[in-house]
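Note that chain A is present in both complexes that follow, paired respectively with chain B and with chain C.
Showing the complex of A and B:
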């Protein structure tokens, strides 16, 4: 069993080569480039430049992604909760049919739709005016940070809900009934009995969503104006307008670090759980 | 049995359907306070549905459920105030024993210290003292079962529903927990309904047994009544009288004359339906006798022993009479392939007109 097999290595060689050539090499190269001066010696000058130019955007990115993740968590828990504990068959049925649709729409299409939906004279404001909810003069454009968050949440809620509803469906339904039998309302059952049993799945879904939202270029580019904006847009701008790969790489490393922090929280939680079990 | 105003649980004309398929066809049942009822039936007879409808997890499509006179048929399960124990135990794996047992008290706003002391006394009662901080996933099957019972009892319920609570335990633990539940019920005085498919469990635990068949109640009565005087062929065979034999009954003088195919006629002073009759009997009712024996009040049939097993304490034989086979329990050892006489005391047979069985309407 433990004997290294030449044929085994041969079998995985194509996959290893692909990972090395297409992922590890560019990653290592951009990491190295981020920490290297034009002369060739190590330095943090690119990070200094990135910080001077884009510190607001770093905070803006963090703000957008964190707020979106929190909202995604709230909405997906609510929808998965209704799907699991709902007692109105037509509502549960309709929700089950509808909630998945955004999964199949690419970010760029979602962003395009949001442009026409959230603009000052967009569908949302026109509908609100037509309904008499507000005056035309009160209409404002949502095509700023709010638009980005709305698009991200709209796009990511189905993904996390899909995972969460699946996990909730696989827990023993008697554990839900036992709670209600002792007198817990459905909301308490959801928060105190169901969520803790699927917390792991929720965490995985949120970590994956967080990293996805951090790396989307099209949405901040199309939905919001240029200032402030997210790091992906800044990176594209550094490369396309100035050919400034070094600063773009430094911004990339900052993105890695943000994503890495979230991954670390997830792994730490996993290790703690395994130690408890 | 009891007046409607004093019944702990009164189910009247309860109907339940899954979609267009009716599962309960108008069930009537009255349970007195402090009574232990066992609902007995085979899979799919509606016994679990009846229990879940009383608990509120299944909607009734007609009829009423009254708990101490209060109609709860449209009340959600959390407002019915009934405790229930589940077949899978349904313990919450993310909580400790204390968290599980104390949850009902927490919902009732009991202060933390009091929850601790009340949970401690419940655990003491169930021989689980000191396990408060243990994760429920680290308990044995028997311990989990007791925690589930403790969780139901911690809220001091007036009514406890048990859904096959012992079916996941091994035989030895099951007998032990069976008597523990019964003792606790006597001590605490709650009303209990237990669903089971285990006849012995129902017989040993319940004050009254409800036998269900195809969404209807077939018979209600004390264990002795249901066991000794089944009111239908279904109840008779469900209670273990699985041997059947066709008899012919004719009036004769003060009693009746009973004749089986291939046997001599016997006169009997007991009461029996006249005409074509099917007799149901358990294997311990019949006995094996000397080929030449002739006993009053018993049917005696010549046959051959074809199989012998020893389940412990007595022998179990398969006796062939013509092309029919009967199982018989007898304490004596008999050789195989030996001609014997199968003796069936008429007083211990359950006799039903054959017409009734053919009609199929024996509920």
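Showing the complex of A and C:
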């Protein structure tokens, strides 16, 4: 059994071929298109053009994705914290039933919901006006960067909360009881006792959310129409309007680098943790 | 870490005492306030919780409620907070047998079914190999299947579309199925591998001992026992394909119109009723799945996913 099974390799070969043909090959293709001039020699000219045209959108994308990730972290820690440490059974029960509804809702459906909900005359503004919280004249449309962030947070919080609540449920309840008995408030128990034990799960959830939000095309297209917009929309625009694969692929490589940086932060944290253990 | 150490030692003593005593010590800690202010405090706290939960529920379901309102709104314009007139006219338009929506639904379900077949055909052998046979760089192989999901996908799809164009696969069902299958492979491979790993090896050995061939053992023992997990992975792949937008947007246009593309076109064209009804059709399987997922994915399989 010490040497690899030839039969095993044979069984896994079709799946690997599929990934190779439909992921690795196009990936190589995109790198080649981004780094070569029309003549065929290596150059960074496409990156220069991408930067000149879309530097605002690169910053805009980073801003949206980073702010959304921070908000997702805050909300999911709060909800998972209430689920784990809450002492009001009906509140915990209701929250457990409610929070995961958006979990499997596709991004495009979420985008269509928000497109109507956050509009100037949408249900959110109408409800606030009807409750007397806001004057009709103050109603503004949220269909810009705020709308994208709200949609991302709405869609991703259930996912990260599900992972976090699972991890929190599996930590030793004695540590929580001990902290509470020593007089620590629930907030302090959450931040100082529970969070350090589930930090790894939180980080995995946030990294996956970050990359997902970076890759979504439908939400920025449908929720916020005009400039500035996210890199995914710019790539689609370069292709569909100009057939400009070089600049689109340069923008693609920039988004790989953003995702790669986040993956690198995650891996570095992992290595550090293993060194400590 | 510095906080955890003293806690762990004290937690041992807490564990020994019976739980009612634990409760009592916590109550004694608070200074006893007067009965009236205690009641006011508890009423206030309950009201805050109800208010907080209501706001949360509104933010969660408000967008979905707006979708339902739009699907039944025959007329709805600016100064009115609710639709001016309700009706099912647009539902009839969508469900008319010859309409765009029905043909998109058929296309979507057909593509999703084919995607499941393709994904399972390659992942059941791969999952078995990953769970039971010795493979070099096993972890790297597992991560390779994750990459299409955990990667900025737009840049990949534009190049897939370019390669497919030269092969004549753009705008064909085959092209879209291939793209969806590669995207869903992480679910089918990872969950099948977990399902096979959760099958008791002794049962296979028993079958071999009484003279069954390896192939017969696989088809009569291993595969039936792993079937619920494989079923779960098939549902994941099916839903993933049904909801997929980006890949179809680049590879399928203009000939292949799935439900997400119909939704997008209707919404961008300002036809909110059609867009909302399409969104509701897409919503049904997602919510059903959320409610039944725990039945299909047993804890023993779930604990082995990604290992």
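One rule holds in what follows: the second predicted complex is superposed on the first by the 273 of 277 C-alpha atoms of A that agree within 3 Å, B and C clash if a C-alpha of one lies under 4 Å from a C-alpha of the other, contacts with A are read in each partner's own complex, and residues count from 1 in each chain.
Going forward, a contact is a pair of C-beta atoms (placed from the backbone, for glycine too) under 8 Å apart; a residue touches a chain by one contact, two chains touch by 3 or more.
The model shown is predicted, which means the values in this text are computed figures rather than measured ones.
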For A:40, decide between first (touching chain B), second (touching chain C), both and neither. neither
If you stack the two complexes on chain A, which partner ends up touching A:185: first (chain B), second (chain C), both, or neither? first
Partner chain in contact with A:89 - chain B first, chain C second, else both or neither: neither
Looking at the overlay, does A:108 come into contact with chain B only (first), chain C only (second), both, or neither? second
Classify the contacts of A:132 with the two partner chains as first (chain B alone), second (chain C alone), both, or neither. neither
With both structures superposed, pick whichever of chain B and chain C touches the larger number of chain A residues. C
Is A:251 touching anything from chain B or chain C once the two structures are fitted on A? First, second, both or neither. second
Tell me which partner A:122 touches in the superposition: chain B (first), chain C (second), both or neither. second
Dual-contact residues of chain A (chain B, chain C) 172, 174-175, 177-183, 192-193, 196
Within the complex, which stretch of chain A touches chain C? 1-5, 7-9, 11-12, 14-16, 18-19, 22-23, 25-27, 29-30, 33, 88, 91, 94-95, 98-117, 121-124, 126-127, 129-130, 154, 172, 174-175, 177-183, 192-193, 196, 208, 211, 214-218, 221-222, 231-232, 235-236, 239, 245, 248-249, 251-253, 255-256, 258-259
Residues of chain B touching chain A in the complex: 55-57, 76-79, 81-84, 86-95, 103-104, 107-108, 135, 137, 151, 155
In the complex with chain A, residue positions of chain C that touch it: 1, 3-4, 7-8, 10-12, 14-15, 22, 25-26, 29, 46, 49, 53, 56-67, 69-70, 78-79, 81-82, 121-123, 125-126, 128-130, 133-136, 141, 144-145, 147-148, 150-163, 178-179, 181-182, 185, 189, 239, 243, 245-246, 249-250, 260, 263-264, 267-268, 272, 275-276, 279, 282-283, 286-287, 289-290
Can you check the complex and tell me which residues of chain A touch chain B? 172, 174-175, 177-185, 188, 192-193, 196-197, 199, 276-277
